[in-house]
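Two complexes, one shared chain (subunit A), two partners (subunit B, subunit C).
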Partner chain A sequence: MKKSDILIIGNGISGLFAACIAADMGKKVQILSYGAGTLTIGGGIIDVLGYDDQGKFIADPLKGMDGISANHPYAKTGAQTAKKALEAFLKITEEEGYPYLGSPDKNLWLPTAVGNFKPTCLVPRTMDTEALFKADNILVVGFDTMKDFYADMATKNLRERLSKNKNVEEFIVKLNFEYGRDLRDISAMDVARWLETDEGHRSFVDQVKGHVKANTAIVLPPVLGLEPNYKVLDSLKKELSCALIEVSSLPPAVTGTRLNKMLHSCAKKRGVQIIEKARVVGSEIIDGKCQAVITEGFDRQRKFYAEQFILATGGVYGGGIIAKIGAMSEPIFNIDIEVPKVQTDWSYKQLFADKKQIFAQYGVSVDENLTPVAADGSKPASNVKVVGRSLAGYDFCYEKSGNGVALITAYKAAAAFCGEA
Partner chain B sequence: MAINKQHAIDPDKCTACTICITACPVTAATRKFRGPKMTGPALTRLRKLVSDDDPMLDYCSNCKTCDLVCPSGVPISTLNMIAKNEYYKTHPRKSKADDMLAHSEKMGKLITALPLGSTFANLGMSVGKSFGVMGAMGIAQDAKMPSYASESFISKFKKIKQTPYPRKVVFFSGCYINYNQPEVGTDLVKVYQKNKIEVAIDENFVCCGSPMVSGGYIDDARVNASKNTALLKSWVDRGYDIVTACTSCGLMLKQEYQELFDFEGMAEYAAHMYDSIEYLAKLHDDGQFDTDFANDNTKYIYHAPCHLKVQAIGRPSMELLPMIPGIDIEEADVGCCGISGSYGFKADKHEIAMKVGSKLFNRIKNSHAKLGVCECGTCRLQMENGSGVKAIHPLTVLRQAYGL
Partner chain C sequence: MLKTTVVVIGGGATGVGILRDLSMRGVDAILVERDDLGYWTSSRFHGLLHSGGRYAVKDKEAAKECIQENTILRKIGRHCVEATESIFVRAPEDSEEFEQEWVKSCAECGISAVPISMDEAFKLEPNLSRKLLSAYRCPGAAVDGFRLLWQTVASANKYGGKAMTYKEVIGIETENGTVVGVKIRDRWTGAEEKISCDFVISASGSFAGEVAHLAGLSVNVKPSKGTLIAFNHRICNRVVHRLHKSSDADIFVPHGSITILGTSSIDSAPDDTSTETAEVMAMMEIGKITFENIYDYRILRVFAGTRPLYSADPNAKGRSASRGFVALDHAHDGINHFMSVCGGKFTTYRLMAEKVCDIVCEQLGVNAKCHTAEENLVDDPSPDLISRAKAVFPSYGAELASSRLGNEKLERVIKRIETQPEMKELVCECENVTLAEIEEVASEPTSHTVSDLRRRTRLGMGTCQGTFCAYRSVGAVNKENMPWAKDSVYLFKEFLETRWKGIRPVLWGNMLRDIELTRAIYDAALNLSGVEEIK
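Let's look at the complex of A and B:
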């Protein structure tokens, strides 16, 4: 383990994307990861900016970044970098044979598992939501024994939300899986594995075919295969002569798993070295520069040296930020995050309030270069940049910016460390 | 000292995020397994209130992929193993082979102690197979079992003449190298001598206990852990580092002992434990690794054992082997081989194990590599069984490249 040029802590979407970008620019990159990152429980779609602070829909996410509040991560990156980052991501998806649809300057409306719509920006081709709006007939397909998708509810809601001249119908595919006390419940992942088999493919086509009219779009849970490619989608499209659109849904996530696999494959091809189960517990900082980070396991501490460091450890849920009663901190660079001492002041009473939640915006504060800034205004390490969910200043859930902030800040950090503005 | 220790008794660290379910190879292969999150932390909470009645526990192979992907540091697989141990105190065993597979050292000792014992044992296995005896014992009919060597590693080691060096290691060979593939042990001594390291062994070491833990015999493993811990600590006190060439032995001695037991000295000796290739990679970092290699124009495919991945040491073999001139080596990188020590030999698990490994088998076949490379003995057997391509230990690749 010789010294690397850039050391990235965390292998979620921001860590992996930063690694791909930096390795592309010729840097020797190492990732230290502890756990797989929350990517595999997310929807695998790239939300960039769906709503403004008042909850008003934003049609063009790049334009929406103008005049965003000064502590928001997008205020540090700007729309130009955002565009470059999202285009770089689209290019990777092309190269990996799993191209995404969409454009950085346009939001799409994607159906959700309950038959509602949410704004998002870049999606896999299995979520070609524009085909849904073009179709005259919508066929909502559920699976009889699968958990977490209720076709009747999705049908009812889609019927209400779509224009009256669209015909929305429901159809339930019989899985005929064995069922019993010694067998576990059926999840979307099990159905995705089934659709990858010839038997599953055949059965699905035979059952659905008779219900597909001219100009139909099928809406179904994310089950179109677990690999980052479109084999299942393309063969079904061909045999059924219609569009198929996966909804965004609950974890364990089929679409998030595909994106995770794709980014890993991309990083490995670029020679990125990933050390798993490496729990980073601290850093060695001399004269305001980080020299190494320190890992600790069951055996001993190890030091990992690099010229530059990217902190991509995620938020509270991903383990990057530690929250205690009345206190919050980033444990690797020992950055205290200012929070109210009284816990009830962290949130509005209503979880899904009509404004950004207070706790959601807690994170590490950074300057315009994504360099961390401590509560007293000091900068602990000049060669460290913070990206993704660890950052302060945004509520991804409210504004629909999840994965967008991750990709855009990761790109800015990696490009800056490689000498690009 | 061990920061993860607290999690072993705390299933509440689990946030139920389901990442482990997306990664578990057994979950992907069969619905007979509920999945790591439910069987591990979720049901452990209930087990605190009511006695356990979950036969699905038996399907966890202890491959530790769940631990690898968990962002909260929950030792999911170890929670499963603890529960399995408790479960079998009050329930009949599903497989008759459990006892034999968990206590493989007994068999190895017996066979290698007899003159021509290995010949008859190996013959017995093939004859037994054709008469269905193995099936009656709970061993999968078409599983390729490890064959026994005619001479144990310990016996071979005594005949090796070593040059003494100030850098000294004690080698915990483990059962597989001692009784089944002693040549890997002699490869280690040759490669280490080339790198100016003196190798010691200890005849009093007993089986690390890994097959006992995964078979639900934690109480037996505790007895072995107590013996090994005292011995390992005393070697470290004498200035020796400890190396293993089997990743499951390594993981058991350095991590699982600390998760399961509480013996004096475990954390102290663990600080001096290394995988055999990791130790050489560390020499390389210090500029002391001998790179006096001959050309090797072979095409290899490397498979990282699950029990190596969770040790937080990266891929030391992929750091060192590519330095051999002419070598063509790539990492398979498609996950678990399925065997998980003794899991895949059991009649009721064999099909699952082969399904888990199918991606790796295809990857090996499609790579057109001449040889597979892997640190784990039973993984190598599974790779050969599934792909038809022979697999060797990275130490063997190094020994050949040194022309030894």
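Let's look at the complex of A and C:
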């Protein structure tokens, strides 16, 4: 029977990051993964804390954590750990040759595919939004047959939002793909792949060059390559002599794919074993300690043993939490989550309610060490820690805190298991 | 100032039916609707084209009208009707005596009710509960409310009839006890306008009391709310009725890729279209008798509408109020040339219009006869047009688009794609709606919001409930520089909030997953709710 030191369930951002941190500290780590996870759906940027409970913008995310409500994950981690976690993440991005920009104590304003802005904290260099504010000329670049980016909408809204002395123009690059729209849709993934080819690179430069004036920043959908490096960005910057900024956009997420690849590469280098198609269906708990988790394949059940476990299975969307009529639960450790019996009490009448949505804050309750606490106050398994979207107490959409909570809680859980709490 | 002979107030089935009928008889008419066509009751129902079977025992007159109109609508509105047929099934809970009486009544009313063995019933509808005892095949069908309304207006347009949306009637003007005009206000611009006319017909359904009040009269409408559940599956291929005395949650109607279960009956305010989880749960429990695995089917959304039940007795309530229709001539109340039409059924909308227009025409001295039953609402696309459609639309989208659009609009949409092939991009994959169709409909003067586009095209009505097509449709209308499409954030929110309304009471399982994704896109990634403080 093989037994790992730490077994992580889930290979999203929190699972992978926890694995990298724990492996760095000398632990033998295994990840059980099932499905692609939501990392590649999200934007690959690290939102830490953009707005407080009243919807007021927070300039310094670390400071914003000070007054945060007691059940928020950040209240369990504290700003100190948050800083360490984000710095550890930045260090990994450096090592992997895909360094992120930004600092844990400062929010950035990133343009979106609508042409408005969102606060975020750490971004890849392909989203160097400071360059946008420094530029005199903004060129919004779209692609003629690419789905899900409307350059005209982004142009119009950017023009409205940016200062009057900025000149915002629009340009559409022709793709001329052989498999154009007659055969199938062209997504940002296709364009990213194309820009990694010499032909795509050449064509883009030839078409855009004449429209780039002095001190221009190009705003475009996330298409600057699928690999976690800056080859596409750097060569385009050099040839066009301008900044390029990818916007925050909708799935499929090129930037999320890059981050996913980077974290996998990092985990691999650290000897983390990732077992795929391992659907965890339950756990074996003896005397308040988890001994093993049970996976179920098409033919049989298997047990995976470890000293310690990190639950990083995500929320309702990722499948880590199951929502039923008047009930909610975490299915692996069988933790009931307290929710109102009547479904309409789970939410406000408006979806965009100008406050944190009620159901978004449902999740597994934990103590200050991220150990799960059941509805009756008991702790089902003392050697389990819960991280990321499975946690209760925050609304990542309203606060803009998604990947921040994932990284920071993952760091705390991994460090605690390695005796560095 | 606009001038016409008849002003019809209300763009539901009754109103558009009257507009078409008058127009075809050569009477000038303008219809004014406060919201969008079919915004209220005429789309908030199961989309059932009755065979009459449901009324055969209780109300033979209504049953006969239903089967007659059913036959007519299958012909004149063939693009709005999915001729599925229906099955009536009796559960152990239902009375055997009723079944016998029902069989007899159907025969008397001329409604075909063919008994089949349960083996055959299960073969036809495999999801039916194995506890059911008997089954009959009847000529019921599914009908698309939005489409029928718009195509009825398209037909009226050909004869000069005009429908105006988002025009609220704020006054009914009379001289010497006779109607001379109505005052309207544009809901978007606030501009007020007068339409002078010789006759006013209020076909404002649950709001009939409010409209009559403008002329100082009272009409006793008892709105009764019915809740409906749309499932994200075709649970059955035929309409399925419980064979018993009409009651709650006993009708399942398949539409395209979904099924609608209806309904309930609660006294309500005319504009109450809210749905509570408790109502949904009560209906699911009853629905379980017909389809025992009902809890395994994913719900798409829930919605509600109010039936405008008329009662001469102000104290009558709910199912005891009459479900027939009444045409009130307010000459009896001291105002000439003003009528209120209340109640009735969607299935018999054409017949109601015919009866009302007979009365109105007599008063106006018009002798023309009704011929609404003889002419199709929209022309069938020519074989040439269909082959052009097949060349530009994705697979089965050609048929969907031609039914949705009707001959003339289809040709315009095809032209858009023929000149600009990239216009064939699917904005809504769930319902196969192309960019060309969105831009065509968006450019019509009746479009003001993305929800308006939805009601015309089915955009956002499918599985993802607007999660992906919201961005695309707002982007598309923005591109066309529509005067109404200035504020992107407003357009997004308007569309997504209306979708949310139907999901909120059933926020569990995959519905909650879907909403998590919606919020992740529109709030986390695109920051629609956040305040921006950019330098």
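In the analysis below, the second predicted complex is superposed on the first by the 415 of 421 C-alpha atoms of A that agree within 3 Å, B and C clash if a C-alpha of one lies under 4 Å from a C-alpha of the other, contacts with A are read in each partner's own complex, and residues count from 1 in each chain.
As a convention for this text, a contact is a pair of C-beta atoms (placed from the backbone, for glycine too) under 8 Å apart; a residue touches a chain by one contact, two chains touch by 3 or more.
Owing to the predicted nature of the structure, the values given are computational and were not obtained by experimental measurement.
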Inset, instruction - Would you mind checking whether subunit B and subunit C clash or fit side by side on subunit A after the superposition? - result: fit
Inset, instruction - Name the chain, either subunit B or subunit C, that contacts more residues of subunit A. - result: C
Inset, instruction - State whether A:317 touches subunit B only (first), subunit C only (second), both chains, or neither. - result: both
Inset, instruction - Would you please give the vertex angle at the Cα centre of subunit A, with arms pointing to the Cα centres of subunit B and subunit C, as a multiple of 10°? - result: 90
Inset, instruction - Look at A:238 in the shared chain and tell me whether it touches subunit B only, subunit C only, both, or neither; answer first, second, both or neither. - result: neither
Inset, instruction - Examine A:37 and indicate which partner it touches, taking first as subunit B and second as subunit C; both and neither are also allowed. - result: first
Inset, instruction - Check the residue A:164 against both partner chains and state whether it touches subunit B (first), subunit C (second), both, or neither. - result: neither
Inset, instruction - Mind working out whether A:349 is in touch with subunit B, subunit C, both or neither, as first, second, both or neither? - result: second
Legend entry - Least C-alpha distance (whole Å) that remains between subunit C and subunit B when both complexes are overlaid: 6
Legend entry - subunit A positions touched by subunit B in one structure and by subunit C in the second: 41, 182, 251, 317
Legend entry - subunit B contact footprint on subunit A (complex, rising order): 1-2, 34-38, 40-41, 177-178, 182-184, 186-187, 189-190, 193, 251-253, 256-257, 268, 273-279, 281, 295-300, 314, 317-319
Legend entry - Complex contact set, residues of subunit A against subunit C: 41-43, 47, 50-51, 55-57, 109, 112-119, 133, 144-145, 147-150, 152-153, 156-157, 161-162, 181-182, 185, 248-251, 315-317, 323-326, 342-344, 346-347, 349-354, 357, 359-360, 396-398, 400, 402
Inset, instruction - Under the touch definition given earlier, write down the residues of subunit B that touch subunit A in their complex. - result: 2-4, 15, 17-19, 21-23, 28, 31-35, 38, 55-56, 67-73, 254-255, 258, 267, 270-273, 281, 285, 309-315, 319, 331, 333
Inset, instruction - Spell out the residues on subunit C that touch subunit A in their complex, using ranges where they run on. - result: 276-278, 281, 421-422, 424-426, 468, 471-472, 474-476, 478-479, 488-489, 492-493, 496-497, 500, 504-509, 512-513, 515-535
